[in-house]
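Shared chain: chain A. Partners: chain B in the first complex, chain C in the second.
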Partner chain A sequence: MKILVCAKQTPDSTVRVKVAPDGRSVDAAQITWAVSPYDEYAVEMALERKDADASTTVAVVSLGAARAKDSLRQALAMGCDEAILVSGPGAEALEGLGVAKALAAVAQEAKPDVVLCGRQASDDDQGLVGAALAEALGWPHVATVTKFAPADGGPAGSVNGIDVWKEVEGGHEVWRAPGPVVLTVQKSEKEPRYPSLPGIMKAKKKEIPEKDVASLGIGASLPKPEIVKMEPPAARGGGKIMKDGDAKRTAQELARLLREEAKVL
Partner chain B sequence: MDFSLSEDQRAIREAVRELCARFPDAYWRALDERSEYPTDFVKALTDAGWLGALIPRRYGGSELPVADGAAILEEINASGGNAAAAHAQMYTMGTVLRHGSDSQKERYLPRIATGEVRLQAFGVTEPDAGSETTRIKTTAVKSGDRYVVNGQKVFISRAQHSDLMLLLARTTPYDDLEDKTRGLSVFIVDLRKGVESGQVEIRPLATMMNHHSTTIFLRDLEIPERDRIGEEGMGFRYIIDSWNVERILIASESIGDGRWFVERASRYATERTVFGRPIGANQGVQFPVAQAHADLQAATLLRDKAAWLFDRGEKCGAEANMAKLVASQAAWAAANACIDTHGGYGFAKDFDVERKFRETRLLMVAPISNNLVLAYVGQHVLGMPRSY
Partner chain C sequence: MKTWVVVERKGSELRRVSREIAAKAAQLGDATVLEVTGLERYSPLPAVAALAARAKQDQPSLVLIGATPSGRDLGASLAARLGWTYASEATDVAVDGDAALVSRMMYAGKVRATVQAKLPAVVSVRPGAFTLPGGAAEPTVEPVAADASAEKLAFQRFEPTAAASGRVPLTEASVVVSGGRGLRGPESWKMVEELADVLGAALGASRAVTDAGWRPNEEQVGQTGKTVAPDLYIALGISGAIQHLAGMTSSKVIVAVNKDPDADIFKVADYGVVADVFEFLPAFTDEVKKAKAAS
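Moving on to the complex of A and B:
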């Protein structure tokens, strides 16, 4: 089975970002970059398939700035077989549909059985690209996926449809999709593996081919909505400590505060 | 001169940070509380290949330069963890690699690289011989094709979490030697077998930190001759050969600790409000942290230079020793700045400052006391008279 994972490079979620002086972007000096968490689950999910069946190949593609190469290198070190960077002038300015069209061009060339995307990117939380990619390819799409496997029945090596596990309220469903299919990933079974040292050594020998986004023929892009203002969350107010040692009086006072001040009861 | 990190170096640091992020403060705090060994952490490091970093590729390692080994240990300590639980698996093998026979290397290195065999105990120090290594009394007496060893070692770290131990023992009586640096030999000891046969007894030695130190009694321990490393009588030289790497790596752990202290201190100083403003707005709070940061940066440059020299195969004794000296001092200054910044909370276990404070203090004393480093610099670098 051939899997293509789409992975976006976003500010590392463990780093506190600050709003830049222009008030509409994050301070680049504060940022370390990483694969967006849902995309990391997608990489892990693909690699879990590879663990189960060594004939699986996993390619990973990222569209964005040249620095996204570091994140691709990271995905290679985790165990992906190949990586493709789509970059060049205009790449970062693409809006969601343009990104989906560009990724569709890559998918058409790579001819995977399954394309995995994270359900949304951690920077803009738009959740658009995966579904739009399926639309652009004309392939089926299944969302909030937690696991997938080739459906039983086909001759060895062939892909006879894909069984897809999907989280739903209070349980899960198993869907069967004809391949090729686009899946947007909720969570992998295990936490994403970390790159091993031998993985890093192997990854550094691999070429990461770069495609110019302009060469993909995605046509005119839609106007991109722009961020006009960014605000950090309001600073947390000081807590209240109730020092009256009497449990009953404290509980009464707490209930009153929750009802009258916090208005949560 | 180029101070930038290569793509590899960034990838290595990033990957180690990512692994460490799964072992947060609470993990280390709980182990410390119970004096437990970080088994899961060490397993994760081993499985991901980090402890085989310095082993040549032909023996299954990654053959990284020491500069990268340094980065690995630095990141572990900077994450709030403590590399001491596992660092020796990375470098103790160096003695086998440099002075062992081909068959010893074939026999041990591949399994050390995978972690199947743990070689992370080094038995040098004795109750009557710490800084003065050439005074050790543990004897190894040749008898046919084996040696019979008797003696006591103290402060031997991780012996209960290691399969093998490198042992320094006396093969020629001190008084019979012209050159007192001769007469000692290095052996590979199978600790598991030794304990089973009763020839090795390992007793835990509680210390200020969660460190897994032990006292080891060797009673008629039989070691086959093929487990002696290199020539008989040359053991002290072989040990000295491993010192530079060890100094560079210990300096790196200090730098990692220091980074952690500075990061915690500056964050706390910015957040904690007293007298209506953040405490970090007071120079008395801010300056010690800034000073510690500057000192750590200087130590980092010296460490980098030492590693650079080592990796080029050049002499690096002076730089490696001085890096260990200034890095451990800078980390200690950072520790004090951090605990002062935290006020009473610096002493509360939930803040982890007191734990790291205890841990980093060791690096000024062991594996070598800073006084002995100064003695080395005074005598061997500056040519002053021998002071001891």
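Moving on to the complex of A and C:
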């Protein structure tokens, strides 16, 4: 099976993101970058297939600034076979539908059985690219995926359909895709693995080919939301902290406050 | 301006978020409330085909859809199919000339943004973003029949989660009771559920808890879980890691119970209790029971 993972480089989840003085962008100065969390789950999910069947190949693609190569190298160190960077002038300005078109061009060339995206990128938080990529490719799409596996039957090594576990309220729906499919990942079965030392050494030596976004023929500019204003979230804190020690008394007091002051009981 | 609302049901009832956005759209003016019918289970291809065909006739300027798991998927797929602007998880929407002004969180809840989405646009709206006016009439819903032959996927089976609770959906609940690693193990959820039952609350959990398999993944709150903004969020034995806060700091009232006075969760709490949760929780549940019985 051939898997293509789309992984975006975004601010590390531990970073405190600050709004820049212009009030409509974020201050990039203090940001450390990482693979977006859901995309890291997608990488792990792909590698779990490779663990189960060594003939599986996993390629990872990222579109963005040259620094995204560091995140691709991280994915290689985790165990991906190859990485592709889509970059060049205009790449960073692409969003949503434009990104999906560019990634679709990469997928058309790579011809994977499965394309994995994250549920949403941890910067724009849109959750658009996976669905839009499926639309651009004309492939079906399954969202909130936690597992996939080749359907039973057919000669060894061939892909005879793919079973997909989709998280829904109260459980999972299992869907079968007869041909290539785009999945957006909610969570992998295991936590994303750490790169092994040999993995890191191997990844260092790997070539990461760069594709110029201009060569992908995305064409006319596509609509995207324009940021008018950015602000920090409403400040919280200054709450009442109770450390009386007597459980019953504190419980009475809290219930009273929630009823009379906060009016939520 | 023509506005579409695409609604969703849970069982036979319209979802609360569907009613919220229908009420909002009625205020915006010329609103049509649509429901995709003919599918036993939601799947994007047939649903999008049906809505896109209808959009070509109707030419709405703005499509509002609830930011539920299916709503997010359908909204994104529809915007892609039509080549329209898309903004997800709106916390407010206003129309300004030829654009929608959409408030939404970005950077995993660390930034509040206002974006301008040029019309026509599809916007998915967070549950609770618009309050349902008291006595709001049930909207008149028009069916849009999906053609099952547009489907490329085959449904196989449903696998229920063992611990699934059958409570109100987490993202639409007005009270959420969440537990963390401080609860020590899955057996403690008896105690947590007792409080949730009295409050009519949904259950939430930290990632430490879902990763350990104490609770199903669908209950996880945070950056890689659900985003919730209930009237009351109760965090039990949760440290308040930045990735957990990403999913719950928009809650109206936050209560935290933790034995560590320096736990980060207290920095966002309106009411904090420094206590052993095993001592405090039963006493608190009793008090809530009394309060509920008195009201």
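Rule of thumb we're sticking to: the second predicted complex is superposed on the first by the 249 of 265 C-alpha atoms of A that agree within 3 Å, B and C clash if a C-alpha of one lies under 4 Å from a C-alpha of the other, contacts with A are read in each partner's own complex, and residues count from 1 in each chain.
As a convention for this text, a residue touches a chain if its C-beta (ideal position, glycine included) is under 8 Å from a C-beta of that chain, and two chains touch if they have at least 3 such contacts.
If you're wondering where the values come from, they're calculated on a predicted model, not measured in any experiment.
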Dominant contact partner of chain A by residue count, chain C or chain B: C
Touching partner for A:T14 - first (chain B), second (chain C), both, neither: both
Partner chain(s) touched by A:P225 [first = chain B, second = chain C, both, neither]: second
Touching partner for A:A77 - first (chain B), second (chain C), both, neither: first
Contacts of A:I3 with chain B and chain C, given as first, second, both or neither: neither
Touched partner set for A:E191, first chain B, second chain C, both or neither: both
Touched partner set for A:A136, first chain B, second chain C, both or neither: second
Touching partner for A:L47 - first (chain B), second (chain C), both, neither: neither
First, second, both or neither for A:M242, with chain B first and chain C second: second
Common ground on chain A, meaning residues reached by chain C in one complex and by chain B in the other: 14, 191
Sites on chain A touched by chain B in the complex: 14, 70, 73-74, 77, 191, 194-201, 203-204
Residues on chain A engaged by chain C in the complex (per definition of touch): 11, 13-14, 16-17, 19, 26, 37-38, 41, 96-97, 100, 120, 122-128, 130-132, 134-136, 139-144, 146, 163-165, 167-179, 181, 184, 186-187, 191, 222-234, 236-237, 239-243, 245, 247-248, 250-252, 254-255, 257-259, 262, 264-265
Contact footprint of chain A on chain B as seen in their complex: 7-8, 10-12, 14-15, 18-19, 21-22, 44, 47-50, 52-53, 62, 64
Residues of chain C touching chain A in the complex: 10, 41, 43-45, 48, 69-70, 72-73, 76-77, 79-81, 83-89, 101-102, 104-118, 121, 151-161, 164, 166, 169, 175, 211, 217-218, 223-224, 231-232, 242-243, 249-250, 252-255, 261, 266-276, 279-280, 283-284, 286-288, 290-292, 295
